[in-house]
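Listed next: structures, encoded as structure tokens.
Here chain A shows up in two complexes: once beside chain B, once beside chain C.
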Partner chain A sequence: MDSKTALLKKYKRRQRLVTVLPFVALAVLFAVLCLTVQAKGYRLPMYLKILLNEGVVLAIVATGATFIYTLGSFDISLGASTLFSATVGVMVYNATGNFGLMLLAIFGVAIGCSLLSSVLASVFHIPVFVTTVAMMSVLSAVAAQIITANGGALGGISIPAEVVRPFDVMWFKILVLTVFFAVCMFLFDYTKLGRRQKFLGGNPVCAKLTGIDLNKYAILAFIMAGIGVGIGAFLTLVYTPSVTTGTAGSIGMNILVAIVFGGMPISGGPRSKIYAAVVGGFSYIILNNILKILIDSNAGYGISQIVSAVFFLAVVYVTGMNYRSQLLPR
Partner chain B sequence: MKKYLAMILAMVMVLALAACGSAAPAASEQAPAGDSGKTVKIGVLVADVSGEEALGFANYYRNYIQSNYNVEFSYTEQLADAAAEKAAIEKFAAQGYDAIISFSASDRATQLQTCIDNGLYYAVASGMLDDAQYEQFKTSEYFVGQIGPSMDTEYEAGYAMGKYFADQGAKKIAMYGAFIPNPMHVFRAAGVLAGIGATYGGASEKDAIVGQIFADQGIDLKKVESKDVELAGYFQGFGDTTFDELFACIGAQPDAFLSVGMATTFFTQNLNDAGIAFSDIDSFTSANGEAMADGKLVYLAGKYSSSIGPVFAAVLNAVNGTPVRDDEGNAISLSQDYLVATDADSFQKYAAADQGDSPIFSKEVLDTIIGDVSYADFSAAVAADRG
Partner chain C sequence: MNKSISAAKKLTGALAIPVIFAAVLLILCAANGKSMIANRTGFNYFVLYTAIVMLTTMALSINLNSGRFDFSLGSMAVLASVLSSRISYAMLQGGPGSAAAMLLLGILIGALLGLASGALYVTLRIPPIIASLGVTLIFEGLTFTLTGGKYVMTEVRNASISAFAGNWIWSLLVIAAALFIVIWLFDHTKFGYDYNALKNGQKVAVNTGVREVPNALVCYAICGALMGAVGFLQVARSNSINGGSLNFASISIMFTAFLPMFIGGYIGRYVNEKAGYLLAALCMSMLNSTFAAFSNEVSASAQSIINAVLLVLFLIWLSNERRLKQILRPIRS
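Coming up: the complex of A and B.
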């Protein structure tokens, strides 16, 4: 009995540590960045603005994607989906000159693409990961075709900068992030949607035996991810009103990194955390910026990526400590 | 409870971060980088970090210019899209840089607008803005100008290469389209087709050919018609099937293999082994010199590493308060032609003239266009054939 109690206490200690660690890491990284920027004599306010611009799209798309990851699924097509949604949005605006229609097109395409992945997986009974790989290829190729065919000598397509310039302000981006995060947190932590998704991600067989419909919750998860992609695509256009074939190219993998940095297991289930994407996304962006400041760009390309990868592995090891427990999650 | 407290703390941090960030950089924070002995800091935007041409440019700035002028260059990593370009400019601004020189072309208008917003001087060193963009920004004090091959120059380079082989009596050629739909490669490829006397989809005019290549995302052999020179093979890009496509072209036994870029990087050995004369639009590197002296490279239209010297001079003038503007006060817009070598001697003439420690645009030459210089003098110096 004593040994079981000790084991439980040890488990809870580790769980607390793993829960707090991402926040501590974010705070430490933030402090290091501020000190580094100050020490170098750079302008801190501008750097903070840059961080927000770099992190907001990743945080939003990754927060939406958390619903998919919670199910134990994996969507690698979210970057391509963001590119395709932004591409269609630009084409619609250039054809109609209507901002509302552009928004409608962006969100329609984003949610549609996300749902298509889910439905294909359900209909053909193949892993979602496989359908999203296929979707990534298809969406990237179609977007590239549209962009290069319409971009001409400029190599990209764009909308007039003044259309989105009013939204390229910090308060708007903060507001969007806060509202979307609040809605996701409510759904994830206070409704049966989140609870059942965690159950499905942790033990799909038990969940099914209790009458939970995997397909229904998979579709809902992909809808949430699609909304995140739509917001991400819009904010991408707000930051730069043009789309090239490289737009949002790194988002797909960065989501994975953000979620892991935020302390959530890739396997999903009951340990999933809705805040992981925001905390991890900003941690990752801050880490990258610290490395780029500290490592002279003239010293060699890719060094910061190598250091970042090592850091990533360390985080996975530390956050994975309590997954190797003999106890069920609680 | 602790979890939500932590979440609230995180959100507060993000909000604080944004609140701090919303403060716009005050123009007065930037000390003027005049003749006061302050090091002029220039950020360089690059989309290619490994090509021989890109490395040559980087060496010229880092090794030659930096050791001869009180200036510091900082290169970005490979910029993949417009957002990366904008973020890079903002970081340079945050680090107190004075100017940006751009080799990256995802979204030049946004680059320029970002520089204006942050009080950074901006110049284009590779490619050019389109006419509408130039008109929009030409009077901005922060737009230093654009100096490099224009799209018309790219077309002419392709045209001259095609015509050279047609004049040499080539009856059957193969062609590599490099990375079409990259605009630079599209214009060069259109020039090659026109140069060999071919029509594309019935079109023989530059704009019509270019438009169709953009629409086709490449060159469709069925749309190429030529009386004198047959286009027997065509491929583009670089992937798993590239060498199969190359060998198919070699199997067609063309008189020449014309490339609009990168062939000297990818295919020199194969084309030398096959004994097929080939051409490229690239740069005057040592590897290309060997290919021309000992291999089958018979035509090279190239840039030389110090061709980006005038852009630096223009930027330095702007930072020092003596910007070069035309008679109407507009930013510089000058196209630079390619140098063409058709044998080892002409290649060596250009290559020898642009050595690392004695480049074509040496300190002595650049000093003539640094300071209070008229537009006419500046453009004359850029246009002078220094080969």
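Coming up: the complex of A and C.
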């Protein structure tokens, strides 16, 4: 009996550590960044602005994507979708000169692309992952075609900077992140949408037997991800009012890294956490910036990627230590 | 009699997709006054590309069929090719035998990289998809550090590698050797039986005494060896190695193998699945050669779109085959 109690205590202690660790990692990384910037004699406010600009887009797109990952699903096309939405937004603005229409186009395209993935997957019973791989190829290719035809792959296409300048302020970006996060948190933690998605992710067979419609919740998850992509595409344009073929290129995979870095299992289910994307996204961006400052050379990009990968694996290992099984995980 | 009918059905089932592919593409080329394979050089690259696609598809399917998604295949191929080209150049300075040395070293280094990737997965016991993300970043970082982010050219531009690319027999030998070894390993050895048992019922297999960890490690090593060979074949095809891929840029190599994997899986209903991958790779190579013939009319972006649409259409058909057959039954009768 005593040994069982001791085991339970040990489990709970570890569980607390696992919950707290991503936050501790974020705080430590932030402190290290501040110290590094000061030690190098760089301007801290400038770095904070860079962090915010990079981190907000990743955090917002990843927060929307959390709904998909909670279902145990996977979407690799979100980076391409962000690029495509921004491209269409620029084209619409340049054709009409109407800011409202540009916004409408960005969100319409982002949600439309997301819906197309989910409809293809649920109506035609195609594995979601493969659908998103195909979507990634199509969206990147179409965006590249539009950009190359209208402005060149490197120079890209752009809108006048004055159009988005009023939004290129810290408070606006923080506000957008806060509002989107609050809405997502409410839906995820306090409504049946989030509860049922966790149930579906944890045990789809059991969830289906209790009458939960997987297709309906998959489509809702993809809509949430689409909204995140739309906001991400708009903020990308706010930060840099031009779009090239490389815009948002790494977001698709960084979402995965951010979610896992924030302490959420990639298999989704009841252990999914809505805050994981924000915590993990900012941690990953801060880590990369610290390494860029410390290893200041061309070859340093490679070394900083290796260090950041090792750090990533270490965090994943520690956060998953309570869930080891005899069998190898799949 | 029944046996011969069954064999005929098998043959028809196995060859249906490649024949349809060939017919459609040849008609398309003929209608536009082009030829899919214009000359011997075209044929050399046709066989070389078939080898690349077949080996990548095999490497992808080995772990994916066991529920282990591996993003690191592309980065493994690139790193193996960088290391093998450096070592073979140091040994032979691009002289005779460079291609053979680089291929063998690539396979060996690839196997070691695969083993390292597998060791990380079985040691940390984290989901394979996550482990592969970390491994991809590490391998890309190592490649970038070794090359300074530049293209590797001096080490891979020599007569030996050009001779390899310039004679389709060598590519065919690679295909035959890889096919023979993979079929033997997965269908005729204890390792293969254990692999199939684990693939179809992990828990039951482990409970009956199958050792999962060594089996997974060997799988990763085989995938690495195959990707090491792919790295070399890519070098023979493009005459350079891009050392500047960072932030998951290398995973695109893997995406070329999705469509052939599903086509190969379908053909695998009628013949050995690995032979199915070869036939699927042939289809992809025909498509690639047709794209090359239409390079002035069909841009790289359009090619990506066509490939993606084909993937989706094939999967729609594959996932709804029974329903489609039910719908088509009244029309047939």
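In this text, the second predicted complex is superposed on the first by the 310 of 330 C-alpha atoms of A that agree within 3 Å, B and C clash if a C-alpha of one lies under 4 Å from a C-alpha of the other, contacts with A are read in each partner's own complex, and residues count from 1 in each chain.
The definition used in the following text is that contacts are C-beta pairs under 8 Å (C-beta built on N, C-alpha and C of every residue); 3 or more make two chains touch, one makes a residue touch a chain.
In this text, all values refer to a predicted model and were calculated from it rather than measured experimentally.
In the superposition on chain A, contact of A:Tyr190 is made with neither chain B nor chain C.
With both structures placed on the common chain, the touch criterion links A:Gln145 to chain B and to chain C.
Of the two partner chains placed by the overlay, only chain B lies in contact with A:Leu51; chain C stays clear of it. In the superposition on chain A, A:Phe172 contacts neither chain B nor chain C.
Between chain B and chain C, it is B that contacts the larger number of residues in chain A. When the shared chain is aligned, chain C comes close enough to touch A:Val310, but chain B does not. When the two structures are aligned on the shared chain, A:Thr131 is found in touch with chain C, with no touch to chain B.
In the superposition on chain A, A:Ser250 makes contact with both chain B and chain C. On chain A, the surface touched by chain B in one complex and the surface touched by chain C in the other have residues 145, 148, 249-250, 298, 301-302, 304 in common.
Taken together, the chain A residues at the contact with chain C in this complex read 120, 124-127, 130-131, 133-138, 140-142, 144-145, 148, 249-250, 252-254, 256-257, 260, 265-267, 298-299, 301-306, 308-310, 312-313, 316-317, 320, 324-330. For chain C in complex with chain A, the residues that touch the partner chain are 66-68, 120-122, 124-131, 133-138, 140-146, 148-149, 202-203, 206, 212-213, 216, 246-249, 251, 255, 258, 262, 299-305, 307-309, 311-312, 315-316, 319-320. Chain A makes touch with chain B in their complex at residues 16, 19-20, 23, 26-27, 30, 37, 40-54, 145, 148-149, 151-156, 158, 161, 169-171, 173-174, 177-178, 181, 185, 236, 239-244, 246-250, 273, 275, 278-279, 282, 289, 292, 297-298, 301-302, 304.
Chain B makes touch with chain A in their complex at residues 2-3, 6-7, 9-11, 13-15, 17-23, 25, 29, 49, 62, 73-78, 80-87, 90-91, 93-96, 105-107, 109-110, 113, 130, 151, 181-183, 186-187, 210-211, 214-215, 217.
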